[in-house]
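Here the structure comes first, spelled out in structure tokens, and everything after it is commentary.
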Amino acid sequence: MNTMTLYVEKDSPVHHLDPLVKLLYVVAAIALTYILPEPLFIAGVLFVTLLLLLVGKVFRNSLPILTLSLFLIFSLVIVQGFFHPDNVTELFSLGPLVFYEEGLYVALILVLRVLVMIGSFSVLILTTSPDEMVERLIKKGMSPRIGHVILSVLQLIPQMRATTSKITDAQRSRGMETEGSMLTRIKAFFPLMGPVVLNSLNETKERSIALEMRGFGSSMKKTFLNEEKQYPYNKLLGGIIIAIVILGIVWRVMA
Amino acid sequence: MNTFELKDVAFSYSLDIQIFDGLDLTFDSRTTAIVGQNGAGKTTLVKLMKGLLKPSKGTLLIDGDSIDKQTAAQLSRRVGLVFQNPNDQIFKTNVLEEVMFGPLNIGMSRNEAEKAAREALRKVDLESKAEDNPYDLSLSERKLIALSSILAMDTEMIIFDEPTMGQDFAGKEKIKAIIEELHTEGKLVLCILHDMDFAAEVFERTVVMNQGEIILDGPTRDVFSKKEVLEKAYLEQPYVTQIAHALGYDESFIHESELINFLNKND
Amino acid sequence: MNNNKKSMWSLKLSTAAIVLIPAAIGINYIGKLFASLLRLPLWLDSIGTVLAAMLAGPVIGAAAGIINNIIYGITVSPVSTVYAITSGAIGITVGIMAYKGWIENVKKATIVGLVTGLVAAIVSTPLNMIFWGGQTGNIWGDAFYTFLISNDVPQWLASFGDSIVVDVPDKVVTVLISYFIFKGLPKSLTNIYRQDSEIEEL
Amino acid sequence: MSIIEVEQLKYRYPDLTDLVLDDLSFSVEKGECLGIVGENTAGKSTLCYALAGLIPHFYKGAYGGKVTVNGLVVREHEIADIVENIGLVFENPFSQMTGAKKTVYEEVAFGLENLGLDRKEMHRRIEQYLKLLDVFAVKDKNPFDLSGGQMQRVAIASVLAMEPDVLILDEPTSQLDPQGSSEVFEVIEQLTEKGMTIILVEHKMEQIAQYADRVLLLHQGRQVALDTPEKIFSRVDLKDFGVTPPVVTNIAKALNVRYPDSELYPVTIEEFKRLEEAK
């Protein structure tokens, strides 16, 4: 079944890392791009991130994620290059519009940051199954109820998406048009959305009854079916990441 | 409408699984039940008839005229389809408005639509709940609301998908009465059913489907006498028929009264 | 709403309220899906968050908003994780205003929509400044940003303008749609999310 | 002592004006199968909720009287404490899946994790009940990929794995196709044979006649009668309560096939045959 995750099941060293270490890497990588806002340095972080994607055998899978942000990247270069307040040094001009070096520099940093953000997130989400991630977070103290919420969303959305075609069919059978003028299309929104909302709220009632009857409201300490996975080099890797961040801060303060 | 014909119809959802391949079937003024296991293709069949799906091959004809070019919305004036799950369509906050949605869509004035809606609600005996919120009613009542929302559109043909599921005795009696009334009004009635007893009791003709093919088609009595074929399609005979068998009679009974009369005579 | 409610900030959440969160996120998702299928010019991707806030208060509203963006981040686009804070703020705003009686009629609901849009813009602006130099990546918003910047408006103000253009119309329509749906919900459904009711003796 | 004792139970949903349960008093013995019948508004599901503690803990409203399950007064204990005494399965299999588990095996584990069982015991119970419900073969499948009948059996397994003493089945087959229904009824038959205490709400009177030791007839929240299936289905006023007897009982009435020296008619084909032949 489609459970709506980007996780790619493969056997790689990155896959075997502790989800929390990968999460720490995401935070550290993004933080570093702010601690040392130099294009060359950020490019270095990006290089490491790309390396991780390659080692994790998921580089190809990260490209579709990147394309979603292409417009943002494009827009950053255009807007900053032409209009950044600090712009002085002209690079080239398009008719009345002038493209500046300062703006390009700002855009370069921004774009590299976006790439690091998307890249490091991709490392995390492409190589970690949501179940593993949530189970790990719960063991580190996250509320099991929140964990339940996250996991159930991943299953419920595909289920809800499946009902949308039934709803569309039912309303079209009653003569509703989904094509035509803007007004026609706006008018179609309620008949389509109404059943989705009512259905899912009604279902929350039934599902909460079912959960209650399975002891979901119990204040007893929960146990887990799956044994805790052991992660090698956990502390070491976590330590290295933190050390690099501290080193970055020290460098920044000293320089 | 006198006939609804499917000629040499083929359809598949994906390349590897063919649902229909050269299906020929004609519906006429006889009330017709379609029975068969899940996955037999019953719902796909009625979606094709409603224009919600388009066949990859073959034609559909109403009174001999092809309807291949018509959309579901256009067909909604002529063919009504009551879906199995009322929750997939109900979106208004009051029952009357919900039932008026279809009639308004096909161009009735508000007055006409309200009249049609109230009349349809009267038929399902829920006129008193016209101002209620549909979600304050039970699922079985909502099913009847969905049914009346199609009745109100006054189509020449009406198709029901599992109308009796979840209904108690009173609900089934209402549906039976509606089907008989539609029939006397000269409308085409077609009904997908899991409930063999209801099929046996109410319908003149029964079609048995199995894996996209029609394995039995004829007067209801004849169809339900074919125990072996039914078993192949994982279907049971109606209770009356089973009781008759258990008592050692091979004749085919589909109504309680028939069996009672027969046993009385035999005594 | 009624005043006999216990604090709207109660953290002891009923099972029904917890189960409301995934439903809300699903509704967000489907709203966005239908809006794009019908080619409507708005996102309409926070109807669920707004409804959850109206039904179960600011805590559930905020949780639905935040988790929504985290889920969107791990399933579609990492960039949207950044706006988890904005979505959370939307849930809190609607939750508080609903509790204070601001979803009684269309007029008031419109104001809730305006305030929500404003809050969303206020929260988003620093995020946009930090992460994308003040832009949003939305074509209309960024065009407006460019217009303001080239007229020597300070960057942060231009960025705020960018967010306003993006957020306010969408949130007004979203809150109004949610309001109409909320008003139509039967009591048998709305009362299970309340944390307050007592058992009456018979 | 009886396993379930209901004393003068009254209940009204919040914001509604009419009593949904009006002065019910009855008890259920260990190992018994109690059928509950009545029309759609009779209060059958509400009664199930009250037995399982969902009323008054999940649904608040107005409550009176007392329900005791296994010596536990339902009102005084939280639902989480009651679930090891009484389990509930209802009509929609889909909404009974937690939605957070990716395999049938883990789905059954959900309740056991909440009970805080140790891993060994969990595995034991999961395997036992998946096998009992004949869904062991699909243990690695996603619950949402199952057929309705399989999904409902997983729901039953999930509840049974918590090893309650009483199982409530509220119209467990009304949303299933004939094959799915018969799968579920095969399981119910097995459970009754094993001596499980079962409360069964059902519209198919043939099934009630087959499995129930006693039948509770409800009408508009009130208890009309509690008696053997033969006594209930032989009543002349049954139709007034929106209930029709099994087809075979109708035929028996028409043909006057009765138990000797009584006003009672048979409710199963086997009994009908026996009496008919004896005549």
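Order of writing sets the labels: A, B, C and D. Residues in every chain begin at 1.
Definition applied: contacts are C-beta pairs under 8 Å (C-beta built on N, C-alpha and C of every residue); 3 or more make two chains touch, one makes a residue touch a chain.
In UniProt terms, the chains line up like this: A = Energy-coupling factor transport system permease protein; B, D = Energy-coupling factor transport system ATP-binding protein; C = Energy-coupling factor transport system substrate-specific component.
On a predicted model such as this, the values are computed, not experimentally measured, just so you know.
The count of contacting C-beta pairs peaks for the chain pair A-C. Work out the mean CA point of chain A and of chain D, and you get 45 Å between them.
If you average the CA atoms of chain C and of chain D, the two centres end up 42 Å from each other. Averaged Cα coordinates give chain B a centre that lies 30 Å from the centre of chain D.
Inter-chain centre distance (chain A to chain B, centres taken as mean C-alpha positions): 47 Å.
Under the contact definition stated at the top, the residues of chain D that touch 2 or more other chains are 58, 99.
Residue positions of chain B touching 2 or more other chains: 92, 135. Along chain C, residues 15-16, 22, 185, 187-189, 192 each make contact with two or more other chains.
Taken as a graph of touching chains, this assembly is fully connected, with contact between every pair of chains.
Touching chain D in their complex are the following residues of chain C: 15-16, 22, 187-188, 191-192, 197-202. Every residue of chain D that touches chain B in the complex is listed here, in rising order: 39-41, 91, 147-148, 171, 174-175, 177-180, 203, 206, 242-244, 246-248, 250-251, 254-255, 269-270, 272-273, 276.
Residues of chain A that touch chain C in their complex: 4-6, 34, 65, 68-69, 71-72, 75-76, 79-80, 82-85, 106-107, 110, 113-114, 117-118, 121-122, 124-125, 130, 145-146, 148-150, 152-154, 156-157, 160-161, 164, 178, 182, 185-186, 188-190, 192-194, 196-198, 200-205, 207-208, 211-212, 216-217. Considering their complex, residues 183-189 of chain C touch chain B.
On chain D, the positions that touch chain C within their shared complex are 10-16, 19, 56, 58-65, 75, 99.
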